[in-house]
Amino acid sequence: MLTILFDGLAYGMLLFVLACGLSVTLGLMNFINLAHGAFAMAGGYCTVILVNRLGVPFLLGLPIAFLVTALIGALFERTLYVHVYARDHLDQVLFTIGLVFMSVAAVDYTMGSSQQFVQIPEALQGQFNFYGVGMGKYRLLIIVVCGLLTVALQLILAKTRFGSRLRAAVDDQRVARGLGINVGAVFAVTFAFGSGLAGLGGALGAEILGLDPTFPLKYMIYFLIVVTVGGTSSITGPFLASILLGIADVAGKYYVPKLGAFVIYAIMIAVLIWRPQGLFARATAR
Amino acid sequence: MSTKNATAKSLATPAANVSAYLKSRARWSPFEIAFWVFAFATIWLFPGKYLILKDTAILALFALSLDLILGYAGIISLGQAAFFGFAGYFAGLVAKYGIVNEPVIALMLSGLVASALGFATSFLVLRGSDLTRLMVTLGVSLMLGEVANRYSDITGGADGLQGVDIQPLFGRFRFDLYGHNGYVYCLSVLFVCFVIVRRIVYSPFGLSLRSVKGNPLRASAIGIPVKWRLVAIYTISAGIAGIAGALLTQTTAFCSLDVFSLERSADLLLVLIIGGTGYLYGGLIGAVIYKFLQDWIANLTPQYWQFWIGLVLVVIVLIGRDRMQNWIAAARGAIAGFGAWLVMRTVALSGAAPDRH
Amino acid sequence: MPILETIGLEKRFGGITANHDVNLAVEKGARHALIGPNGAGKTTLINMLTGVLKPTAGRIMLEGRDITDVVPHERVRLGMARTFQINQLFLDLTPLESIGLVVSERLGHGSDWWRIVGTKKAITDEIVEVVERFRLTDVMHERTATLPYGKQRLLEIALAFTCRPRVLLLDEPAAGVPEAERHELLATIEALPAEVTVLLIEHDMDLVFSFADRISVLVNGALFVDGAPEEVARDPRVKAVYLGEELDA
C-alpha cells in the first residue's frame, strides 16, 4: 500500500508541474488554454531527440527541454495568443483546441505515431528497497525535482518583486495596471515559464505517462481536473489537488482496475458539485 | 421609415397589430422553404452520395441539439457526445438483443433514455463558471466512454458493438449498404425534430430562454425560474443528441467508443462555429460545410485531416465569429434573393408565353 | 400591519458590516423613500429584500409572511418587484418582447412551448397598455441595446411594473438620466397607481421630497432617522450627516 502511496505521490507531483502553468494562466488572464498539453508534449519530444539521437545526458536534457519549451511558449504567446485574450471563453476553447489538433498532427507527421521512450541513465533504473517499501529510483527523482520546483515557485511568488506583481495581477488585473504593473509583460513571462514547466514535466513524464502524438488529448483532461479542483488563486490549491488526484488515480487503477480512470472523473464531478469554484479557491474580485 | 408607418398603424388598432407582428415572425421564410425543398430534393438529385448525405443529416441533428443549449441558453458544453453515445449504444443493444424491433420505436426510446440522462446531469451544468461547465460536461462524456470500455462484454469495448441487426423500418424498408432508405429515414427524422425545435424556439418558453441567456439576473427578477428553464432545455437537447446517436447506430448497424470522444464534441463545436449559433440553421449549414470540407481535405491528405481542421478552427477564431456570422448571413440573403429572382423569372416566363393550343 | 417589514436585518461580508439591525416598516400604499450617503448599504438592503443576497441575520416579512428564505423569482410571484440602479435589460430583445415576456410569465404561460408568441389576446392587450403607459410606443420594435438611455430607464421601470407587484422597489430610477429625459421619467413614476406601494432609493432630493410621504435615512448600514419628510428635513442630525453635505456640494 505504501508503494501505491509513493507511486501516487510521484504521479501527483508530476501532474502538478505539468498543470501549474495552466492554473496560473487561467487565474491570471482568465484564459482557458487547452493547448497546454501540447507544450508538455513538445518538452517530451525535445528530450527524446536530445537524449536518444544527440546523446545528451538525461539530466542535462531536462533543463534544455524547459528552455526550449519556454521559448516556444513565449513565441506563441506574442504571435498567436495575444490576439485571443479579449475574446470570450468559447473562442478561447476553440482556438486552443485548434492548436492542439495542429500540434498533434504535426508531431505525428514529423516523428511518427508510435510511442517514444527516453533512454534513462542506468543510475536511475531499478528500485530502492526502503524498509520493505519499493521505491522506484526514477520516481524518486521525480519527487525530488518536482518538490524542489514547488518550493522554488512558492519562494518566487512570496519573496520576489516579480512574484508580488504576479499575485497582484491575479487578484485584480485592473487595479494592478492602475498601480503601474506591466501586466502584459508579467503575463508573457509567466506564460513562457508555465509552458517551460509543462515541457519539463513532459520530459520527466515521458517514461511514466507514455509519449506519443496523442499525449495532449489524453492528458489535457487531467490538467484541467487539477486546475478546476485546485482552483486558480494559489499554488497550494493545484498542488494539493494534484497529489490527491495522483494517489486516487494510482489507487483506483490498482484496487478497481475495471473502472480505473472512472475514479478520477467521479471525484472531479463530486468536488465540482460540492464546490464549483474548486476545493481551495478563494473568491477573488474580477 | 417603415417603422413609423408600422407605429401609425399600430396606434390605430394596436393590440391586433402587435399580435399580427409577433405571429408573422414565426412564419416560415422563403429561405427556409427553399432550404427544405432542396434538402428533400437531394434524395433524387444525388443518388450516388447517400452515405455522406446521411452522415451530414445526422451531424446536422447533433449540431441542432448543441445550438439549443449554446445558442439559445448560453451553456458551453463539450459533453453532448455523452448523450449521443449513450443513446447510440442503447439503440444498438435493444436491436441486438431483440428487445425492441421496430426502429422508430427504438429511436424514440433512445431519445427518452438520453433525455433522462440529460435531466440527471443537468444540475451539474447549472453551477459554476464556464470552465467548470466545460469540465463537468466533458468529464461525464469521457466517464461514459471509460464505463463503455470497461464493460466490454456488453458493449464490445474497443472493437465496437458487434452483431447489431436492425429490422426493416415499418417492416418494409431495410437499411442497406446503398443507403437510400437510411438517408430518407435520417432526413425525415431531422425534419420532424427541426419542426418541433423551431416551435419551441418561437414559443414563450423559447423567448424566456433568450432572456435567461441575455441577462439571468433580470430574468429571475421578473419571475422566471431560471434553473428549471435551463434544466428543461438541457433535457430536450440531450434527447435530440440521443436521437442523432441512435440514428447513427441504426443506419450503420454498429456503435463504437469514439462516440464518446473529445474529437466528436470538438468537431460539433466547429460545425456550429462555421454555421453560426442562435438561429437554428447554423447547425445544418455548418454540418453541410463541414462535411464538404472533410470530404475535400480527406481526398487531399487523408492522414493529417486533423491538422487542417485545427487550422480552420484557429483561423475562424482569429477572423472572428461575428464577422463569420455576418458573411454567412450575407450569403443566406444572397441565396434567398437569387432564389426569389429565379422564381419570379420562371413565373414571368410562363405567364408571358401565350397559350397557343 | 406594514406591507413590507424587516426585523433586525443584518448583512456582513467577512469583516465588513453592510447592514446592521435594520428595522424598516413600509405601509401599504406608501411612497416611501430610502436615502443616505453613498456606501450606506441601500442597495445591499434592496438585494436582501429581493433575495439576491442572503441576510446574515434578521427576517423579512411581506404582507405578514416570512419571505427570508424565499428564492428571488418566487418573491416576484408573491408580489414584490424591483428595478436596478444600473439598467438590467435584455439587450437583444425589443421592448415589446421584454414586456411581453413579463406578462406571459405572470399569467402562467411562461413555459408554454407549443404555442407561438403573440397568440394570446390577453397578453397582447396588456403589452400594448404597458407600452403606451411607459411612452415606449415609438421604440417598441427596436432592439433594446439601441435605445437612448432615457427610454432604457423607462423600460427598466416598465419591466418591474408589468410584474403587477404590490410592492415596487425602485433603485435610483433617475440615476444617469439626462435633464431632457427626466421629465418623462418623473411623470411616469408619479403616475404609478395608488394601490402599488413604492419604496424608492434616490439621491435626487427634488424627486424625494416631491414624491415621498415617508423617508428613512440609512447611514453606515443602519437606520438613522425615519419619519415624515418635513421631520426629516428639519432634523439637525440628518442635515449634518447627509443633507448638510449635499448643500455644501
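General observations
A, B and C label the chains in the order they appear, each numbered from 1.
Heads up, the rule we're going with is that a contact is a pair of C-beta atoms (placed from the backbone, for glycine too) under 8 Å apart; a residue touches a chain by one contact, two chains touch by 3 or more.
If you're wondering where the values come from, they're calculated on a predicted model, not measured in any experiment.
Of all chains shown, B has the CA centroid lying nearest to the centroid of every protein CA atom. Set against the Cα centre of subunit A, the chain with the most distant centre is C.
Per-chain Cα centroids separate subunit A from subunit B by 36 Å. Computed centre separation for the pair subunit B/subunit C is 42 angstrom, with centres defined by C-alpha atoms.
Once the centre of each chain is set as its mean CA position, subunit A and subunit C turn out to be 49 Å apart.
Among the residues of subunit C, none is in touch with two or more other chains. In subunit A, no position touches at least two other chains.
Considering their complex, residues 26, 32, 80, 83-84, 87, 89-91, 93-95, 97-106, 108-109, 217, 220-221, 224-225, 227-228, 258-262, 265-266, 268-269, 272-273, 276-277 of subunit A touch subunit B. Contact residues on subunit B toward subunit A in their complex (touch as defined above): 70, 76, 78, 123-124, 127-132, 134-136, 138-140, 142-143, 146-147, 150-151, 262-263, 266, 269-270, 273, 303-307, 309-314, 316-318, 321. Those residues of subunit C whose C-beta lies close enough to touch subunit B in the complex are 50, 52, 71-73, 76-77, 81-82, 84, 88-93, 96-98, 100-102, 104-106, 109-119, 121, 124-125, 127-128, 132, 137-138, 140-142, 159-160, 162-163.
For subunit B in complex with subunit C, the residues that touch the partner chain are 3, 6-7, 10-11, 14-16, 18-23, 25-26, 199-200, 202-208, 210-211, 214-215, 217-226, 229, 232.
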